[in-house]
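Just below is one structure, and these are the notes that go with it.
Labels run A, B and C following the written order; every chain starts at residue 1.
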Amino acid sequence: MSRISLVGLAVTVLESIIMPFLLVGILRSCRSRLQKRRGPRVVQPLYDFLRLARKQTVLSDETGPIFKNAPVVSLTAYGLVALVVPWAGLPAPISADLILFVFLLAAARMATGLAAMDTSTAFGGMGASRESALSIFVEPTLVLALSAVAIYQGSPWLNALIATPVSTGGSAYVLPLAVAAIWICAAAETARMPIEDPVTHLELTMIHEAQLLEYSGPRLALMEYQAGLKLTVYYGLIAQMLINEIVIKTPITRWAATTTIMFCLVVLAAIIDTVLVRLHWRKLPDLLAFGLAFSLVACLLAALKG
Amino acid sequence: MNVHQTLEFIGLCAVPVIGLFTALMLPAPKLPRVVARMMWLQCAVSVIFSAPYLWHNHAPDRPWPGVLVDPTAVLFILLTTFVTAAVTEHTTGYFAREQQGINLQNHRVLREFYFCTLAVLLCIYGIAIADNLGYLWIAVEASTLASAPLVYSTRSGASLEAAWKYLIICSVGIAFAFFGTALIFAASQHALAPDGTLSCALLIRTANHLPPALLRFGFVFLLLGYGTKAGLFPLQFWQPDAYNQSPAPGAAILAGALGNGAMLALLRVTNVMLAAGQGQFVRLTMLPMGVLTTCVAALFLVRQRNSGRMLAYSSMENMGIMATAISLGSVGGFCLQAVCHSLAKTALFLISGDANQIYGTNLLERLRGLITISPARALLWLAGIAAVAGTPPFGSFLSEWHILAACIREHQPIAAGALLVGITCAFVALVVHACGVAFGEPPPGKERLPQKFGNTWRSIAAPAMLLVLALWLGTLLPSAVLRAFSRLTP
Amino acid sequence: MTSLDSLLGNLLLITSLWMVGVTAISTKLTLYSVQTIAVGALATLVGIAHNEPALTIAGVGVLLLKGIAAPLYLSHLTQVVGCRKDLGTFISSPLLLLLASAAVGGLFLFHPFQQSVPPAALPSIGVILAGMILMVSRRLAVSQIIGFLVLENGMFFFTVTIPHSLPLLVELGVLLDIMAGTMIAGVLVFQISDSFEHIDILRLGNHKR
């Protein structure tokens, strides 16, 4: 293994440990500021994690082995996701194609969903069912959007995102449309505003969070960390697509640009969380269909290039 | 540009243009009489204008680029003027008798009615003389816009719906015709590099160099577009409602003047296609459309409960026959059919308007025994039905015969058979409905003609005149009429 | 010029498809305005580049009349009539959005009019298709007018993509007709809302018979 990729591996691992806490912290504090509240410190999520990790676990009598092991399974899946996607602006340590990425996300979602149903509580089952219903829209959108990018770049490997575009002959709309589609996916997957209220305490309106209601202690800490990791990977991915519009030569500048863009995206997410209202559950397909249509058109325009 | 012809042309348009302003400015109660007088003046003007073209084999004129005055154009100018004049003459009595909807008390609607009628007349002039497909399109769209207010001049909810349907469906249809026009223009850029042309005459001259694929594609859109306006088969939804909901004179204008405009546009386009040697393609698209229109209209005619809708479907049947004639290249048959249909259908709508006023309804089951109430109207009604159905003494028999003969001559036996079945079926249905209206016992309380109808002879003069003209065309020596109309072939 | 062509053509297509999925009238009007201004600007630029004054003037006319005046008039109309969203569409709009995208995709991939239409004109056919879908799927009178205008945009874009422009008189006449049509349709909408207190086309039929 060459030195660059060793450094890349080290940076990726390090970042995937730090960035989730940092991004979530920035998001929360920004949102609080925008709402004229003082809000928590930026490092509060890390303190929360440490606090939860030290706590005792309370398990319901109804839960079984699936519930106990799901956090580890999904952590593995997300950990792999963080290693196969070049989200940090550096080539991913493990070279993989877009299908593996989507598959890993689905595996994590399945683990979480099964665990939620394993608790045999009403809210857990409801959350799991809603999450899987959402995934009907999210997964095709993600696959199509990534395919559009893959067609545009001429390679299905995710690492091709890091390479500069093969030709600029294609339509200028492919990447913006794909970014819009993935942004909507990210909002659905990371429980952001038009789809799910991230600060709600009302279980009836929860989707993703409803699955985690029964968790406590270290397992909850893991789950929260994974949510942050997912957010990080998504925003990193979007950042890569945005960067591809500009040509950046050296890995260092690319990494710096990526990190900057990720912070900007987080601020943007905070703004969106503040200004938008949560859509009614039955109105969600309206929004997600837009994502699907965007990715479809992006695919089309990318395919027309050839 | 020829000064003499330009002056002639300005003379032709002067009266309707003055009429437009009159309709806006004159006190409304006087309006019907003044406009009717102006229209008769306009009739005289248009006869003078058209005489050299129709009777002396005057060569086609081009006063301006994009404008072509040929015998066909002149014929339709004359026809439309005459029909409009008859309608305005009839309205002098009709609006005075009308109680609800559009009448003499309703000044604004009355102004709007006359304004739009004259605007439609001018648009039809535009369609007739347009040599440029672009100008043709503009005139057809303008005629749609000008006639939409006619449909809702009764101001009822149903008429609003009909007007909306009419405006939107026809606008979309005509938008497609614009796309077709653009495609033909693109085709012409191959033949007349680099600028291309939209002039029908130039297109016909360079027809052999036009790329067939583009030409066909364009023709399909033009057929769809203008076919919508003419009410050809799959696109006729708007027609029954629009004819039924507009007041009788408005429906007469729609049927007698506007339908011809769209057909004339189709004729111009088809001429280009035929010149380009695409006769086979025209027969593949337009002929079935025309025949189907006739047959479907005949089927709809069988079960009709409403006189306005019945007349609308009869118009549709006639449009189908005209489209068939155009697709077979039988310009003479088309012109004769269009003339006879316009005259008879206008008369029918005027009479049915009177009948609606007498009975207070337009449901066929309540229209009974017209012959005991007003024998003259019943007679005209039956004569008009006979004329639109193509019964022998009238000119339409001649034209339908001619078109059927053209079908056989062009080796289209199936089309001829289907057309024959359609015409026969429509004839039977129309006669049954019409006899029901004319004969039988009048409903209680309606045994007498109401006082407000006044002098019978004056109030039926306009439809009677139209029908006499239709009869005259049929009773002249058939070969002479056909020869005269065949000469219109460009 | 060709890259600008495809750039604006695709913008037109994307906004049209977007409009298919949108139910709020104001959003639709904004999108319509954006796409009309884009196509007007394109016509103007192409006209200047190819030295065709007819196209330049037509482009400016489209930009000002269809791109600015018509949306303003229609938004005034919606405010007076008081409608902000499409009532239910015949097919739910997200599904329609996907169907429309798929239809346009099929059009692009299979390219059925290979001999007749140059590839540059394909987006215009897509826009025409989207306009048609907009027209037939909406029940609100104002939305149908917008659909018609989108359809017209597609056609105008087609005339821009063919090598030489239509004669000036034709372009201006068409523009005039379209504007007059919009005005008359607007007046009809006022009338409909006056007599029915709604502008739902589907419910107009209930008053018949």
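Note that contacts are C-beta pairs under 8 Å (C-beta built on N, C-alpha and C of every residue); 3 or more make two chains touch, one makes a residue touch a chain.
Please read all numbers here as calculations on a predicted model, not as lab measurements.
Asker: Can you give the shortest number of steps from subunit A to subunit B, where adjacent chains in the path must touch?
Answerer: The distance in steps between these two chains is 2.
Asker: Would you mind telling me which chain pair, A-C or B-C, is linked by more contacting C-beta pairs?
Answerer: Result: the pair with more contacts is B-C.
Asker: Determine the centre-to-centre distance between subunit A and subunit B, using the mean Cα coordinates as centres, and give it in whole Å.
Answerer: About 66 Å separates the centre of subunit A from that of subunit B.
Asker: For subunit A and subunit C, let me know how many angstrom lie between their CA-based centres, rounded off.
Answerer: Going by mean C-alpha positions, subunit A sits 37 Å from subunit C.
Asker: Using mean C-alpha positions as chain centres, tell me how far subunit B is from subunit C in Å, no decimals.
Answerer: Distance between chain centres, rounded to whole Å: 31 Å.
Asker: Could you say which residues in subunit A touch two or more other chains, in rising order?
Answerer: none
Asker: Can you list the subunit C residues touching subunit A in their complex?
Answerer: 6-7, 10-11, 13-14, 17-18, 21, 92-95, 97-98, 100-102, 104-105, 108-109
Asker: Where on subunit B is subunit C touching in the complex?
Answerer: Within the complex, subunit B contacts subunit C at residues 66, 132, 134-135, 137-138, 141-142, 144-145, 148-149, 152, 155, 157-158, 160-161, 163-164, 167-168, 171-172, 175, 178-179, 182-183, 185-186, 189, 194-196, 198, 211, 213-214, 216-217.
Asker: Note which residues of subunit A are touching subunit C in the complex, please.
Answerer: Checking each residue of subunit A against subunit C gives 171-173, 177, 285-286, 288-290, 292-293, 296-297, 299-301, 303-304.
Asker: Touching subunit B in the complex: which residues of subunit C?
Answerer: Going through subunit C, the ones touching subunit B are 113, 115-117, 128, 132, 135, 141, 144, 148, 151-152, 155, 158-159, 162-164, 166-167, 169-170, 173-174, 176-177, 180-181, 184-185, 188, 191-192, 195-196, 201, 204-205, 207-208.
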